[in-house]
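Everything on this sheet refers to the single structure shown next.
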Amino acid sequence: MIEMQDVWKEYANGVSALSAVSVSIKQGEFVYVVGPSGAGKSTFIKLMYREERPTRGSIFVGGFNIERLRERQIPVMRRHIGVVFQDYKLLQKMTVAENVAFALEVIEVSRRTIHKRVTEVLELVGLSEKAHMFPRQLSGGEQQRVGVARALVNKPSVIIADEPTGNLDPENSWSILKLFERVNDRGTTIVMATHNREIVNAAKKRVLAIEAGRIMRDQERGEYGYED
Amino acid sequence: MKIRTIGRHTREGFKNLFRNGWMTFAAVSAVAVTLFILGGAMILSLNVQNISVNIESQLQVNAYVSSSYPQKHLSTLEASLRSLPGVRSVSFISKDQALKKMEKLLQSNADLLNGIGNPLPDEFVLQAKDPHQTAMIANEVRLTPGIDKVQYGQSVIGKLFTVTTAIRDAAVVFIIALLVMGIFLISNTIKITIFTRRREIEIMKLVGATDGFIRGPFFVEGTLMGLFGAVLPLAALYVLYRWLVQSVPLFPPFSLLPWASVLDKVVITLIACGVFIGIWGSVISMRKFLRV
Amino acid sequence: MIEMQDVWKEYANGVSALSAVSVSIKQGEFVYVVGPSGAGKSTFIKLMYREERPTRGSIFVGGFNIERLRERQIPVMRRHIGVVFQDYKLLQKMTVAENVAFALEVIEVSRRTIHKRVTEVLELVGLSEKAHMFPRQLSGGEQQRVGVARALVNKPSVIIADEPTGNLDPENSWSILKLFERVNDRGTTIVMATHNREIVNAAKKRVLAIEAGRIMRDQERGEYGYED
Amino acid sequence: MKIRTIGRHTREGFKNLFRNGWMTFAAVSAVAVTLFILGGAMILSLNVQNISVNIESQLQVNAYVSSSYPQKHLSTLEASLRSLPGVRSVSFISKDQALKKMEKLLQSNADLLNGIGNPLPDEFVLQAKDPHQTAMIANEVRLTPGIDKVQYGQSVIGKLFTVTTAIRDAAVVFIIALLVMGIFLISNTIKITIFTRRREIEIMKLVGATDGFIRGPFFVEGTLMGLFGAVLPLAALYVLYRWLVQSVPLFPPFSLLPWASVLDKVVITLIACGVFIGIWGSVISMRKFLRV
């Protein structure tokens, strides 16, 4: 499903964010990516949907060779991936509902279906009442949940979430996690970067630990680690 | 692209106009003012050109009939002059009329002319279809039997053409330069507004939108902004120009063209600049933000 | 130090974010503000440095009557408060060092002092190496730490931090917390909104629990609560 | 404000110019193009006004000496005409010179004039200091003893003044309108660039900066952008105009003013528009983002 072979990433300013990363994630897996701040988790994630390009190495996601993709194939590839961005990346000029609907509009679904799915997903993340508000009128956690809703709405085959519970209280965090587990049960691959020790330790899923750009640990039924 | 997507782009385009409120206003007004200047300059240019043409068209050839030419054949002579290629009009001034003019010229001393009879010849006044052919026609007229002498302001005609040609060339250069600068200003404004929305565009791309899908609403928005930005100055120019034509007292060769004869050029240029540069500017400047 | 008397906040779109909030925080206290996503924590905090204005009620911070402040007094008041914003609010056109220095430049400190303090604080939050990078070249957690550094740099008498560890791994979170405790020991008042149960429970400080815009609990040596 | 803060604002202002790279470029080039149009229009206007003045100044009064006036007193008459208030120049055309002219006019028929002596009078040609006083001077000349008849193109002088005045008024209206529109375009561009930085401004305010402190670097930046935006078109206009003056063949009354006599107005207007509108525009449009 997701395959990285000897991937290196050095940013334009010379910062080396990833070194010699090789990982293979199978369809339907649930993988936590953990590591200290600045370790390279987001970089690792951004490579998968081609927000960043690797300096070296090759990446395959759901049959797409990310590095060999023709320009026109990029959007097609991205529609198979639901991304929760660390900085939300909501469209400030659109309401909550429109933001979520956008992921469906790009695949030209009928307006009725859009309406139905959007209502459903907003219900799931507990934002039905905020449907017609703009992102700047929401609290941090509410914005984060809009991001989650947008990633889920078009039922992608992979969900990549970068710190999706950073601004959520434990209760909301758990309910988002339950959501992810439900879609994972239906076969969706999930890759989630997180700092939430409680969640990682409770879930007993595969854990990828990145430190200073290298994969230091790749453990089935792993723990957060780094006890202090 | 499905029909519903076209509908969606149209809706989004309209929505964006309102949601970007202040920015839309700033962009449309910048386009409108630029096009107002461009349109005004075009109207000015067209009129200056027209006046310079009017001045040229006042050029004429004076052909003096030889005193030995039989009076009764004058109409034959007139006909033969009229049939010369390139001649637009021929009019006749009899020696009597010419004398009256002369007397007027001499005023109180005119009585001095009494007693010597009329020394002046009959005269034909010709105008060329193309004022630049005046000299050529004058030469042909000179060869016509019955014509004794030809005058056409030889000494100034060269200078006159230099000036009128210079004015017309200047007007064309001026309008082309303004057009180029106007296009630059409009596309620059559009670029800046697109620039402020680069994050938006990048996010759309990251969420799986194709370039075309992202461009859709911008296309609608650009068209509407360009249209507003062109229609407003057109309306203003129309009102202003009508007022000018009515209330400024001018006389030939200084006259204003009727609105109808500047209309087509101005309307086409303004709408084209507004709409096409608007769309083109946004498509071009969007390109770099679509590379995500 | 900080005093709110019967404060109500209704946003322009009709959302009632705070109702009848009365709170008194003494100089040198360390207060956690907890509550579910969208409860009104950020609103509560934004009122203190006048990013938002209350619909009703009066607010005093360090001798300033926030609502009666003359236009010219607002910056003066804000210089006594170090704020860590939930959305960081870094100046994108400035480097990390310049962002932090900005809080000192506004009080017209000498360049030498600025350089010294900035170096010191960046060291404290572990960003010495990133001093000359721009915010967009940093990871989420690194940006958050820049926000912390900026709040600390001019040694304000109050620090107000909105979710300052949301994007930090536990280790970094703890070191930020240690920093706060150190300045608190020197007499600085600290108000911190957080979702981090571990931290709140370990600290045994005063806890203000906000739910649906009301203060539901105000407990000395409190716990995070909301066990599930 | 401490000295070091002024230094800081200056440094920040320069830095911002570079860090906003593309935006700085877009804004400066929009200002430069707008000012180029404005400056070009000013130069055009000034020249059109000058030409219309030249045309007026070719107006003259022809004063015919009565045939009974003694030849030997002509110089006294000339002196008295010269001493009339408002007269700029007086020149004399003797009846012989006038006859030569007349003969030239009649051309081949000139021999008809032989034998009747010279019917023409001596003539003085006067020019007014102020062309608008031509009629007044003509009237005074008429009352001068020894002058028989006065001519000054009564029939066209009114029309001529209508046209030249209309042209000059139009040039003034034109330039003021352009100035207003130019100011609008420049301040609009500045507003848009400020608008894209509203978050920045709000953050600064939230971190404890005073309005003045935030404005400081914008002030420096605005001044520099305005200066560049004015100096570039000035240089371009200078080069272009020098080329025009040298290479376009013109003759009175069509002549181009020397650069020196348009310089001051154009330089002052462009620098003022660039710098002051730049600063003013940013200060004004910043205000609403400072209310945090």
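For reference, chains read A, B, C and D in written order, and residue numbers begin at 1 within each chain.
The definition used in the following text is that a contact is a pair of C-beta atoms (placed from the backbone, for glycine too) under 8 Å apart; a residue touches a chain by one contact, two chains touch by 3 or more.
Please read these numbers as outputs of a predicted model, since none were measured by experiment.
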item: Farthest chain relative to chain D (centres taken as mean CA coordinates); value: A
item: Interchain centroid distance [CA atoms averaged], chain A/chain D, Å; value: 66
item: Inter-centroid spacing, chain C versus chain A (mean Cα positions, whole Å); value: 28
item: Distance from the mean Cα position of chain B to that of chain A, given in whole angstrom; value: 61
item: Residue list for chain B, restricted to those that touch at least two other chains; value: none
item: For chain A, residues that touch 2 or more chains besides their own; value: none
item: Contact graph of the chains (line, ring, star, complete, other); value: ring
item: Chain pairs that touch, as defined at the top of this document; value: A-B, A-C, B-D, C-D
item: Chain D contact footprint on chain C (complex, rising order); value: 49, 51, 72, 75-76, 78-79, 83, 85, 89-93, 102-103, 105-108, 110-111, 150
item: Parts of chain A lying in touch with chain C, wherever the complex brings them together; value: 11, 13, 15, 34-38, 41-42, 86-87, 133, 137-142, 144-145, 162-163, 166-174, 195, 197-198, 224, 226, 228
item: Contact set on chain B toward chain D in their complex; value: 22-23, 26-27, 29-30, 33-34, 36-37, 40, 44, 64, 106-109, 112-113, 115-116, 119-121, 148-149, 151, 159, 162-163, 166, 174, 177-178, 181, 184-185, 188-189, 191-193, 195-196, 248-251, 254
item: Residue ranges of chain D in contact with chain C within the complex; value: 1-2, 4-5, 8, 16, 19-20, 200, 203-210, 213, 292
